[in-house]
Amino acid sequence: MRYSHHTPSLVKGLFLASAVALGGAASAADALRIGFHAPLTGFAAGDGKSSSLGAELAAEQINAAGGCDGRMVELVIYDDQAKADQAIPAANKLLGEGVKVAISGSYSGATRAAAGVFQKAGIPFISAYAIHPDITRTGDHVFRTSFMGEVQGRAGAKFVGEMLGHQRIVMITLNNDFGQSLATGFKQKAADFGIEIVSEYSYSIKDRQFGSIVAGVKRDAPDAIYASGYFFTAGPLVSQLRAGGVEAPIIGQEGYDTQHFIDIAKEAAEGVMITTSLDRDSEDPEMRAFIDAFEAKAGFPADMVAAATHTAVRVMCDAVARAGGDDPQAVRDALAATKDFATATGRISFNALGEIMKDVEIQVVKDGAYRHFASIHDPELLAPPSE
Amino acid sequence: MSLLEARDLSVTFGGVHAVRGVDIAVERGELLGLIGPNGAGKTTLVRLLTGAVRADAGTIRFDGHDITRAPAYARARQGLAMTHQLVRPFRDMTLAENVSLAAAHAVTARPLAALLRTGRGAARRRAGELLERLEITEFAGRGAATLPLGVQKRLEMGRAIAIEPRLLLLDEPLAGLNQTEAARLADLIATLNREGLTVVLVEHNLAEVLRIATRLLVMVEGAVLASGAGSEVMRRGDVRAAYLGESRAGTGEGRGARG
Amino acid sequence: MEAYILSLVVFGALNVMLALGLNMISGFCGQISLGHAAFYGTGAYAAALLSISGLPFAASLALGALVAGALGLVVGFATLRVREDFLAITTMGVGFLFLGFVRKQEWLGGEFGVAQIPSPLSPLGFAVLAVGGALAMVALSLHLRRSWMGEVFRAVAADEDAASTLGVDTARYKLWAFVLGTACAGFAGGIYAHVTGLIVPDAFDFIQSVTILAMVVVGGIGSTWGVLAGAVLLTLMPELFRFVNDYKLLIYGALLLAVMRWSPSGLAGLAALVRRALRSSPA
Amino acid sequence: MFHLELLVVGLIWGAMYAMMALGLTLVYGLLRILHVAHAGVFALGAYAGVLTANATGSLWLAVPAAIGVAAAVGPLIYRFIYAPMLSRPPYVALIASIGLFIAMEDGFRLLFGPYGLPFDYNPWFVTTYSLGGISLNVVQIAMAVSTLVLAGAFGVFIAATRVGVAWRATVSDPQMAQSFGIDPVRVRYLNFAIGSAMAGAAGLLVGLLNNLVEPGMGAVVSYKGLAIIVLGGLGNVPGAVVASLILGVVESFGTVYLAAVLDRDAIAFAVLIAVLLIRPRGLFAPAR
């Protein structure tokens, strides 16, 4: 099925969302309780906030549209500080409270640790945006609704080399699992797309001052820059590159994908292109519904993290609906059978490992907002590992 | 052969020669009084001998062994003990614990043995004897930091004696004590010396030093000025000049500068 | 609920081991360390890699502790001349150096850390092992305090130079403190790796080091029972305050501040006050 | 040319560190406290600055706001937190300071949001001048100039003013200073006010340079500041400045040439450890 049967009611539900309280009026005892953990405090609190807002929005929309298979959705949210030793008790507490399905709105270390708990308990579990390759290898109950870093890195290489035709590339890599996996994917395919990597710089997630890297890039005078990072590193990085007189195109990824990036980098953000899964100009009603409703709820434009958890909640509900209840094994099987399910981040199908297969969106910053630039449809290049 | 023999010892702090070319020999069984005006380098010499400060030049031999490069603990194990001019008890321990630790030196010399053993009996007994000897038994259970200075001075001496030294270096043990206290402690030092312990006594209290020392050594400006029997040395003009010079320059025992 | 309690028991026991280990170095021997997480991480990485390479779980744990202790020996040796606040900052530097090194090592998995660590025990099994380990360390800690080594540690903590004039080789004792304390951390790290199944460098960062030191100090530096209580309290605190998800860290910071401001000897000091009050009140 | 540019970048980083480290080392020199929460004051200055700038539309008003708020809060921290702890072992104040810093960071997050606040209008950042092929923006120039001015002014203050002499006397011998009629408590308040003012100014400048003021912006300087004052010899003011510049330059070159082996923090601490192995009390003699 190309369009989920939820779609029409959901669009309708959108307009009701703000009027209907979370959890809805239906009997609470009968609610579908979804376990959810995210870094609400600590260094990753920004992403934790976006990710819980995204998930809450999905729940509100589903409830406004009559619930999930007739049941109201209730999120049970716990903080994990993005740390494994907080995530395991949080996951166990969720189990203790009787949740039958669970979603991670957190980073890799915490997600992988929680995945072990849920896999052992036989509970279906979706990682919304953690990118560590081993998360889905935890077991057959673990799924991921976002791109693996390597897949996105390969898409980046194709975009820069083949679609833009740039050859001499400087890489600026964020020193964490996200940056490292992007870099691995990019380098894997760079030669195939005629890219020569002139030099590679790296920085830590705590860095905001990039003067030495800017000096290096000026010396290298590349055709384009492939730089990984999150909005809070990419914002200062891009503005410092531009202020330092570097004019080469800058290509980023999902981590840039929030209005906060543009707010920080301002004029310097103009023309920056990113690989992501959220298309702001999409005609797709799912995406439009999410983008508009999120801004109305949160007071700031949607970002990738919010879209990812929104997607994960929607995917989970779809599986529960198809399974006809929240029996964990049935939901797991229904999840695995998800096919072309339309979400805010594209059409979702899983491979044997529980990784998604979908197209990559390219967005460009234009007049202070992300706009559609291109999309990459290349199932072979974008295939995630299946074991 | 002398028990302790230092040759041509020198050390410089920030361009100032604190000790320069000192030759000193301590004979077995003597009680050597080391005197001199403030800033003469007496404390520095003691610290050089015990290993708290490394010499820039010169050699130190103890009982025939070259200990110039030996660390402080190794010198202590060979039988070189000291007390500090400013008392340094282990503040969180009781008086008895302070002295017991020193008395357990045979155990504490081997960390593995120290890890395995918990028995305090022998060390406690030995410490008890020493406290009695030093007449501070009544303070045994009190925290070291809370004791009066006179007791702390004795504590330091007890700790030093507890390691069963062959040479005891005392750095102003009488300073800060009243006359009676000073006299009694001096008597004790003399007794220990008569029992066979070699002592080097750095002291400003000339009266007591002259009373108990068997020999006198005078330091001025980092060098040895004179050595010999007490009355002889004190008659020498240069020694008197050095002391008179001091008493004219400073008002009494100025506590600002330290030997 | 049971699994939740078991997982809290595991992490509580791990924190007890970490805190008691640090207490041997900082509490008993007076060498303040701000880099304890590095040894936790060393044990975790070593045990994880050995376990993956096929070594039995028990052997991996033991070797993890050994490797951490060996690193403790090296670090202790290198920092022998560095004292007090200088030492605190140097050990903090060791923590950053460890992280910076691990991040860039492909054979340690780089930023991805080590995954697919076998899970040889059930949650109950891990809880029993961790509690057993923690109890063993409580016993070690109590013995250490009573032993002559503990007595020397007190002297070294109070006045290193004075201790050496009593024939104590203070350097060797400091090394013993480092080795014992870091081996405890390494053992805890080995269990941590097998409980979580995945270790990433960030789990062993400066914040973790500070958290361990906070447990020691809140409990009462130098007191085995106090430190035990401090570790348990600070493990449970985020759980107790789960209902105020958003304010957890604020409360945590304020608690550290409040304890230092009004009860600087920690829980142990508080307990001593209560005991004294009970004793002096007419029965 | 490239190396010259790296050197300039490094010196500007060093200037940034120096503005942080001066306050830290002043506090250490007087009170023997590792004042981690200084980094909280740094972030506080930045928040005061960004809120003022965005509310009034004037960066010029942000400067006194950042400096004023920080200078007011510093003495309060001394009065209500450190003063009652002075007789305790040093780790008591250290842990209290860490607790305060954690609470401040989380307070900023709760009050002003986890995403941080960009400056709505930041002309100083985009106005650049080219000096011999090296382009610097106004914020970078301000950073370098204010460090030079502050360090110079501080030197004059210490050497030539009555209060400065009192300060120096209090550092080297509090009792002696007291006997000459200097009130050490007033010197401490002054010390916290001046040090915190510098941290506030540094926070504002760093916020402008990143165009982002975020709850965790003090985290890096909290521990790197400690590394710098240790490297410079605890409590030694010129030492802290020199150590800041050294670390800035080492990091600037290191992030380009050593990035494959160690990250920025690790490079800085490798230098620190190497120096301390050779000179266990830092590059310069510690205070007292």
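The first chain written gets the first letter, and so on, giving A, B, C and D; residue counts start at 1 in each chain.
The rule we apply is simple: a contact is a pair of C-beta atoms (placed from the backbone, for glycine too) under 8 Å apart; a residue touches a chain by one contact, two chains touch by 3 or more.
Being a predicted model, the structure only gives us computed values, none of them experimental.
K.L.:
Which chains are in contact with both chain B and chain C?
P.N.:
The shared contacts of chain B and chain C amount to nothing, since no chain touches both.
K.L.:
Hop distance check: chain A to chain D, minimum number of steps through touching chains?
P.N.:
Step count on the best path from chain A to chain D: 1.
K.L.:
Which chain has its C-alpha centre farthest away from the C-alpha centre of chain D?
P.N.:
B
K.L.:
Specify the chain pair with the maximum number of C-beta contact pairs.
P.N.:
After tallying contacts for each pair, the winner is C-D.
K.L.:
Which chain's mean C-alpha position is nearest the mean C-alpha position of the whole protein set?
P.N.:
It is chain C that sits nearest the middle.
K.L.:
Counting in whole Å, what is the centre-to-centre distance of chain C and chain D, each centre being its mean C-alpha position?
P.N.:
The computed centroid separation for chain C versus chain D comes out at 30 Å.
K.L.:
How many angstrom between the C-alpha centroids of chain D and chain B?
P.N.:
46
K.L.:
Which whole number of Å gives the spacing of the CA centres of chain A and chain C?
P.N.:
Spacing between the chain centres: roughly 36 Å.
K.L.:
State, to the nearest whole Å, the distance from the C-alpha centre of chain A to the C-alpha centre of chain B.
P.N.:
Their C-alpha centroids are separated by 73 Å.
K.L.:
For chain A, write out the residues touching at least two other chains, lowest number first.
P.N.:
Those would be 41, 175.
K.L.:
At least two other chains touched by the same residue of chain B: list those residues.
P.N.:
Within chain B, no residue touches at least two other chains.
K.L.:
Using the touch definition from the top, which residues of chain D touch two or more other chains?
P.N.:
106, 260, 263, 265
K.L.:
If two chains touch, include that pair; go through all of them.
P.N.:
Result of the pairwise touch check is A-C, A-D, B-C, C-D.
K.L.:
Inside the complex, what are the residues of chain B that reach chain C?
P.N.:
Answer in residue numbers: 50-52, 71-74, 76-77, 81-82, 84, 88-93, 97, 100-102, 104-105, 107-109, 111, 113-118, 159-160, 162-163.
K.L.:
Which stretch or stretches of chain C touch chain B in the complex?
P.N.:
Contact set of chain C toward chain B: 143-144, 146-149, 151-152, 154-155, 157-159, 161-170, 172-173, 176.
K.L.:
Along chain A, where are the residues that touch chain D in the complex?
P.N.:
The touching residues are 41, 43, 45-46, 48-49, 175, 201-204, 206-209, 211-216, 218-219, 231-232, 235-236, 239-240, 243-245, 260, 263-267, 300.
K.L.:
Would you tell me which residues of chain C are touching chain A in their complex?
P.N.:
1-4, 6-8, 10-11, 14, 103, 110-113, 115-116, 119, 123, 192, 195-200, 202-203, 238-239, 242, 245-246, 248-249
K.L.:
State the interface residues of chain D toward chain A in the complex, per the touch definition above.
P.N.:
1-2, 5-6, 9-10, 12-13, 16, 106, 109, 113-116, 118, 122, 125-126, 128, 135, 137, 206, 209-212, 214-217, 219-220, 251-253, 255-256, 259-260, 263-265
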